[in-house]
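One structure, pasted below without further comment.
First chain written, first letter: the chains are A, B, C and D, and each begins at residue 1.
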Amino acid sequence: MANKNVDIKSEYVTRVEGHGNIVVNVREGRIEKCEFNVVEAPRFFEGMLRGRSVFEAQHITSRICGICSCGHSLASIQAAEDALGIAPTDQTLKLRKLLMHFETLDSHILHIYLLVAPDMLGVKSFVPLVATHNKVVRRALRMKKDCNDLCEILVGRHVHPISCVAGGFTKLPSEHDIDRMLNILRGMRADMAVTVDLAAGFKFPEFERDTEYVAMVNDGPEYPFLEGDIGSTDGVRMSKKEYRKVTNEFVDPRSSAKFTKLSRESYAVGALARFNLNSAKLHPDAKAVAERIGLKPVCRNPYLNTAAQLVECVHCLEDAIAILNDLRKRGINYDEQVLVGVNEQGKVPLRAGDGVGAVEVPRGTLFHNYQTDAKGAIVNANCIIPTNQNINNIQHDMKKLLPEILHKTEEEITLALEMLVRAYDPCISCSTHMLNVTYVNR
Amino acid sequence: MGTHTRYFILRKDDLNSFIVKLSRNHKVVAPVSKGYGNYAFTEVTSANDIALKHIPTILPPKKYFLPQKETMLSFSTGHVENAEALLEHENTVIFGVHTCDLNGIQCLNIVFSERPRDYNYLRRKDNITVIGLECTEYCDEHASCNLMNSNFPNGGYDLFFTDMGEVFMAHVNTQAGDDLVDSSNLFKPATQAQMEALYAIRDAKRSRFKDEVNVDRKKLPAIFDKSENSPVWKAIGDKCLGCGNCTNVCPTCYCFDIADTLNLDLKSGKRVRTWDSCEVETFAKVAGGENFRSGQAERLRHRHYRKFRFSLGKYYRFFCTGCGRCTRTCMAGIRLKETLTALVKEAA
Amino acid sequence: MIKEELVNSNWRVRKGRIIRVKRMTPSEKLFEIELDNGRAMDYEPGQFVQVSVFGVGEAPISLCSSPTKRGSFELCVRAAGRVTNAMHALEAGDEIGIRGPFGKGFPVKVLAGNDLIFVAGGLGIAPLRSLINYVIDNRREFGKVDILLGCRNPSEMLFADDLEFWQKRVDVNFNVTVDKGSPDWAGNIGLITSIIPGVTINPERTFAVVVGPPVMYKFVISELLKKKIAERNIILSLERHMKCGMGKCGHCQIDSIDNYYCCQDGPVFSYDRIKNVAKM
Amino acid sequence: MSKPKVAFFDLSCCEGCQLQLANMGETLLDVLELVDVVEFREVMSEKWEWKYDVAFVEGSVTDDHSAERLKKIRERAKVLVAFGACAATGGVNGMKNSFDLEEIGKYVYGADHKSFPTAKTRPLHQVVKVDYTINNCPAYIPELVEVLKHILKGMPYTVPDHPVCVECKFNENVCMYERGVTCMGPVTRAGCNSWCVNNNNVCYGCRGMISNPRENAAKDVMAKYNVTPAMIAAKMDMYNKCREGKK
C-alpha cells in the first residue's frame, strides 16, 4: 500500500444534478489531492435580480434549480414578504407547507430510485433496470408522476410552480382539488410501503465522521421545513436573519473555493441533519420506519442521508394527508386568492426593506436575502444554497474516507467516492456561488 | 297541442327545479360568473350557479356548435381505407342565450348548412337545445345590438325566456321546446294580462335601445364599399397586437385550421380542426413565403369587411350581432363603435 | 360525450394509389394516381384536389393531366413544405388520400371556338398542362393556339416530354424562354414578358390563359392588355392558403369587395373580376 | 429499423426540462420503446462513444467552454434539439446580458470573479445549427412529446407563431389586462396552452416572442397600467434579451 499510486479524475460525476468533478491524486501512498470540484458555469442570478421588481423574484429564482424550484420559490417568497413587511395567512402557510412536502417527496423519490438504487443494485443507471427490475422502475415513475400531479393540482406544475407567489396563491384549490390530492396521496401509501421494504434492504457502506449538523429548529411540535431558527448539533441557535453568521462563507487559501463553516471545520445540511436535530417531531409512521432501518440520532454516516430521506418521505406523505384533511374540514377561504403581477394594482404597500427567507429544501437549508428600495425594486440579492454548504463537508468526508479504502482497486475507490458525493444528493446547478473552476483534468 | 305560437309562465322560484330536471337528461350549460365582470357558459346542475344578469360571455355559445378543437378523422398512416370520419357530440341544453348570440348561432347555421355541408356542425346542432333569455337592459356601452337588429328575439331558439319580475315568460318556438315545457310540469299558460306585461316590457325596451352608431344599418355596406383605402385601417392597425382575441370571441367568426397529429405509436393519429384567426400573421401565408394579407391594417380591414360587407353578398345578412365582445376583449382599446363611427363620418 | 363514425362527412378522403412517380427537376415530381375504387376522377382542367398524407396533413394540388386521359390522373408536386415533402418520399404502390376535385376550372365551353394564348410561369404549367392537353385532344374545337412558357433556368423545366410533343406539333405554336441560360441552352433567354410582343394576336377572338407565381401576373397582364385583349378574355388561376376546399375555413378568401373564395369561386378567374385585388 | 440513439446534455440551466421527462410518469416507458437513450448524465452513468442520432441539449451557452462543448456535441449528432427555453431563446440566463459582464461578475463573486470567466448568454442557434426547438420554461410535456414524434418521423416541427392569447381564449380565461395586471401573452408564442394564465398568473414570455411581435403596440397597452417604462422593458427582457444577439 505504501507505494500505491491512484489517479482519479471522475469528470462530470453522473447521477447528480449539475456538473462536478472528483479529483484524487495519490503518490506512493501519500494523498496529494482529494477534491470535489464544481464546474458548473456560474449563472449570476443574484446579479440579474438587481433592478427587478421584488414580485418577479419568485419566478426568476425558481429557475435556479428545476428540482428544488418549489423550495426556491418559497424561500424567495419568504424573503420578499419579509422585506415588504407582509405576513402570510394561516391558510397560505398551510398550503405552502403542503407544497414543500410534495417537493420533498418528489425529490427524495427521484434520488432514492433513479440516482441511488442503481448503485445498490449494481448497475450503471435505471435504464438496464427497465428490463431487470421493471416493477421497480414503473413504481418509481408512478410515484414521481403522483408527486408531479399533486404539484400540478396545487400550483400548476412541479417544475417552476405557477400559482405560488409573494402574497399568497393566485389560484386556490377547489374542494374537488383537495379530494383529488387526498386520493393520490392515499393511493401512494401502498407504493411507499414497498419502497420502504426495498430501501430497508439497501446495504450502505460503513463509514463515520463526526461533524456538525445544521438544520432549522423550532420550539413547536412540528418537524420544521418553513418556520423556525437555525440550529446545530453543536448547540448553535440563531434566527434566520443571522444567516450570514451561520454560513460564514470563507475562501480556502489553498483552493480559492468559497466554503462555509460554523462551529468547526465544516458542517452538513440535508435530510440527515434534519433527522439528527428533529427526529422526535417526525410522524409516528416515519419514526417506525427509522426504527426499522436502525436510523438513530445522531447518525454520523453520511451515506445514510439516503435513509433519512426515506424516513422523511413517509413523514411528508402522512403530514400532507393530515394538512389536507384539516383544510377540507375548515374549508378554503377563496377571498384570499391574490393577483399580484408586478403590483400594478398597488394592492401591496411598498417600502424599502431587507428580507430573509430560510427554507428546509430537500438538500438542506436554503437562504434567500433581498434588499429592496422604496419602489419595491431589488437592490441587493443573496442566495445560499444547501449544496454550497455541504461541499466543504463532502471534502472532509472524502479526506477521511480515502485512507480507509486505499487498499481497494481504483475502480472501487472511484465508486465509493462517487457514492459518497451522491449520498448528499448534491444539486450543483443550484449552486450560484460555486467556486473552484481550476480544471485539474483538462 | 296547437300549431299557434305559445307563451308560458315559469315562476322564478321554480327555475331551480327546471334546471335540476333538465340536468338529469342533458348536459345543461349556462352563463356563470368568472369574476372581474366576466362570464362563461359552463355546465351547471342548479340555478344557483347561473348568472341570470350577465353581459356577453367571454366565448359565445359557438363553442358548443364548433368546438375550439375537434377531431374530424382518425387514421392509420399509409392505409387510407382505415380512416374514419368522426363526430363527437353531446346532448346539450344551452340556457340563457341572449338575442345577439341567437343571431350569431343563426349566422353559423347558414354557413355550415351551405353545400358542401359540414355534418360535424349540423349533427351537433341537432343535439343542442337552445333556451334564450331576453336582455331588458343594455349590458354595457360596448354593445351595438340595436344597430345590428339583434336585441329582440328573431327565432334561433327552442324556448325563449323573458324576466318579468316574479316570473319568466317563456315562448315556445319548436317542438323540442314544447317537450321541455311539457315534461317539466312547471309551466302554466300565460294569461292575457301577462301577455300585456310582456308587450309593455318590449315597448319600454324599444325606447331605451337606440342605434348605437349614428347611421342607418342599411347604408353600412355602401359605406364599406367606399372605405377600402380609409386611413382608419392604418390607425387601428398600428394599435392592434394581432392577438386574435377579437375573432376567437366573435359569435360569427368561424375560420379554422386543420392539422394531423400522430399517436405515440407513430402509426395512427387524428385530424383535428382548430379555430383559426385572420388577425394572426400566418393566416394567409403560403409555402414559399408570400403573405396575401401581410399587414395588420389589412388584416383588421378584412375582419371588418367580413362582418359588414362580404357576408351580405354571400348570405344576405350582417355577420355582426352587436354583442360587443370584440371591443371588450381588445386590450389595445380598438372599439368597434368608434371604428364604425369614423367610417361613417368619412363616407359622409 | 358520444363518439361515432360520421358516414356522410365531407372530410372523408378517397383512397388514391400511386402508380408511377417521376422526378422532373430537383424539386418537382410527377405522380400518376389511380382511384382505388377504379372509378374515374370526374374533373375539369384547372380544378384541384386536396391530397392527404396521413400524419402530415393535406395540401391543395392542381390536376395536371387532362380529363381526356382515362383511368388515372396526374399531380405535379413541388417540395415546398411538410405535406409536399412527405409526398416526395412516397413511391409507386403507396397510398394517399384524395378529396375533391374542388373549384371552378378553366371555362372550356367559353374558350371553344376562340384563339388561345397560354402563358405559364414556373409551376403554373401544371394546371395549364391539363388544359393544353385537353385542347390538343379536342383540337378541332379551337382556333390558333400559342403556348408561351417561362422558367428561371433550363434545369427547372417541367414536363419535358410534353414540351417536346407540343414543339413537334404543327397545330400549336410553342415558345419557351428562361430567365438565365446555361451552356447547353440554345433557346430564348429573357423574362416571359419579352416573348409576348412577338405573338400575333387577333384581340377580337383571343383568350389568354395565364398561370404563374403572383409576381408574374402584373407584368404579363399589362403586356396582354397592350395587345388589346379584353380584360374579360384574360383568364388566371390564383393561389391562396387553403385548408378545406369547401368555402368554410376562410383561409383562401381573396381581398376584394366581391368576397371571392379561391377554392370555390376560383382558383380560375377572368381578370375583369379580380383586377382590383392588390395582391394577385 | 434499429431504435435511434438519443442522448441528453445540459449546459447552463436548472435541469428542470430534463426533470420534465421523469414527470411524464409511465409514458416515459412508451417513449423508451421508441428510442435508445445512450447518454444522460443526470440519471445515467453509461457513456456512448459513437454518433448520436438525436442529441437533446438543455441550457444556454454562457461561456467559451460550453460553446466548445456544444460544438463537439453538434459534430457527433445527426439531429440536434434545443431543449427548453434556455437552449431555445437563452431563457432567464439572458437577463445577464443587460449587465456589464465584469460588473456582474464582481457583484456576485467579489474579488474572485476572475476565476469565473463568463460570456454573453447565447441560445444554441446562435452558436450551432439547431434542427428542432422545444420552447417553454420548463418544457411543456405535450409539446415535448409532439416534437419527439416529429423527430422520429423526420418531419420539421413548426412552433406556433401566434400569441398565447389565442389559447387563453380557447380556455376562456379572464384576460389579465381585464384583471388589471400586465401580461406578456400578446407578444409571446403560443404552444403552452396558456399554462400560466390558466393558473391565474400572468404570462412571462418564456416561449419567446412571435416572429413579428407588435412590441410598440404592446408597450402602449402596458403603459396604461401602473408600470414604469423600465418595468415594461424588464418584463420584455426577462426571456427575450438574447434576441439582440441575433446574427
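The working rule: a residue touches a chain if its C-beta (ideal position, glycine included) is under 8 Å from a C-beta of that chain, and two chains touch if they have at least 3 such contacts.
Only a predicted model underlies this, so the values are computations on that prediction, with no experimental measurement involved.
Participant: Can you list every chain in contact with both chain A and chain C?
Facilitator: D
Participant: Using only Cα atoms to place each chain's centre, name the chain farthest from chain C.
Facilitator: The chain lying farthest from chain C is A.
Participant: Which chain is in the middle, if each chain's centre is the mean of its C-alpha atoms?
Facilitator: D
Participant: So which has more C-beta pairs touching, C-D or A-D?
Facilitator: The greater number of contacts lies at A-D.
Participant: For chain A versus chain D, what separation do you get between their C-alpha means, in angstrom?
Facilitator: Measuring from centre to centre gives 24 Å for this pair.
Participant: Go ahead and note the Å separation of the Cα centroids belonging to chain C and chain D.
Facilitator: 43
Participant: Nearest whole angstrom, what separates the Cα centre of chain B from the Cα centre of chain C?
Facilitator: Computed value for the inter-centroid distance: 39 Å.
Participant: Where the centres are mean C-alpha positions, what is the separation of chain A from chain B, in Å?
Facilitator: From the centre of chain A to the centre of chain B is 52 Å.
Participant: Name the residues of chain C that each touch 2 or more other chains.
Facilitator: Chain C, residues with two or more chain partners: 55-56.
Participant: Among the residues of chain A, which are close enough to touch at least two other chains?
Facilitator: none
Participant: Where in chain D do residues touch two or more of the other chains?
Facilitator: 153, 179
Participant: Every pair of chains that touch: which are they?
Facilitator: Applying the touch criterion to every chain pair yields A-D, B-C, B-D, C-D.
Participant: Going by the contact rule set out above, which residues of chain D touch chain A in the complex?
Facilitator: Contact set of chain D toward chain A: 10-20, 22-26, 28-29, 32, 37, 40-46, 62-63, 65-66, 91-93, 95-96, 98-99, 104-105, 107-109, 112, 115-116, 118, 137-138, 176, 179-183, 195-196, 198-202, 204, 225-227, 230-231, 234-235, 238.
Participant: State the interface residues of chain D toward chain C in the complex, per the touch definition above.
Facilitator: Of all residues in chain D, those touching chain C are 153, 155-156, 158.
Participant: So in the complex, which bits of chain B are touching chain C?
Facilitator: For this pair, the touching residues of chain B are 72-73, 75-81, 83-91, 111-112, 114, 116-120, 123, 224-225, 228, 254-260, 262, 266, 269, 271, 276, 278, 283-288, 290, 292-293, 298, 302, 305-306, 309-311, 313-314.
Participant: Tell me, which parts of chain C touch chain D in their complex?
Facilitator: Contact set of chain C toward chain D: 55-56, 82, 86.
Participant: Could you please specify the touching residues of chain A with respect to chain D in the complex?
Facilitator: My answer: residues 12, 14-19, 40-44, 46-48, 50-53, 56, 59-60, 63-67, 69, 110, 114-115, 118, 124-127, 130, 137-138, 141-142, 144-145, 148, 155-160, 162-163, 165, 170-171, 251, 256, 258, 337, 339-346, 429-430, 432-433, 435-438.
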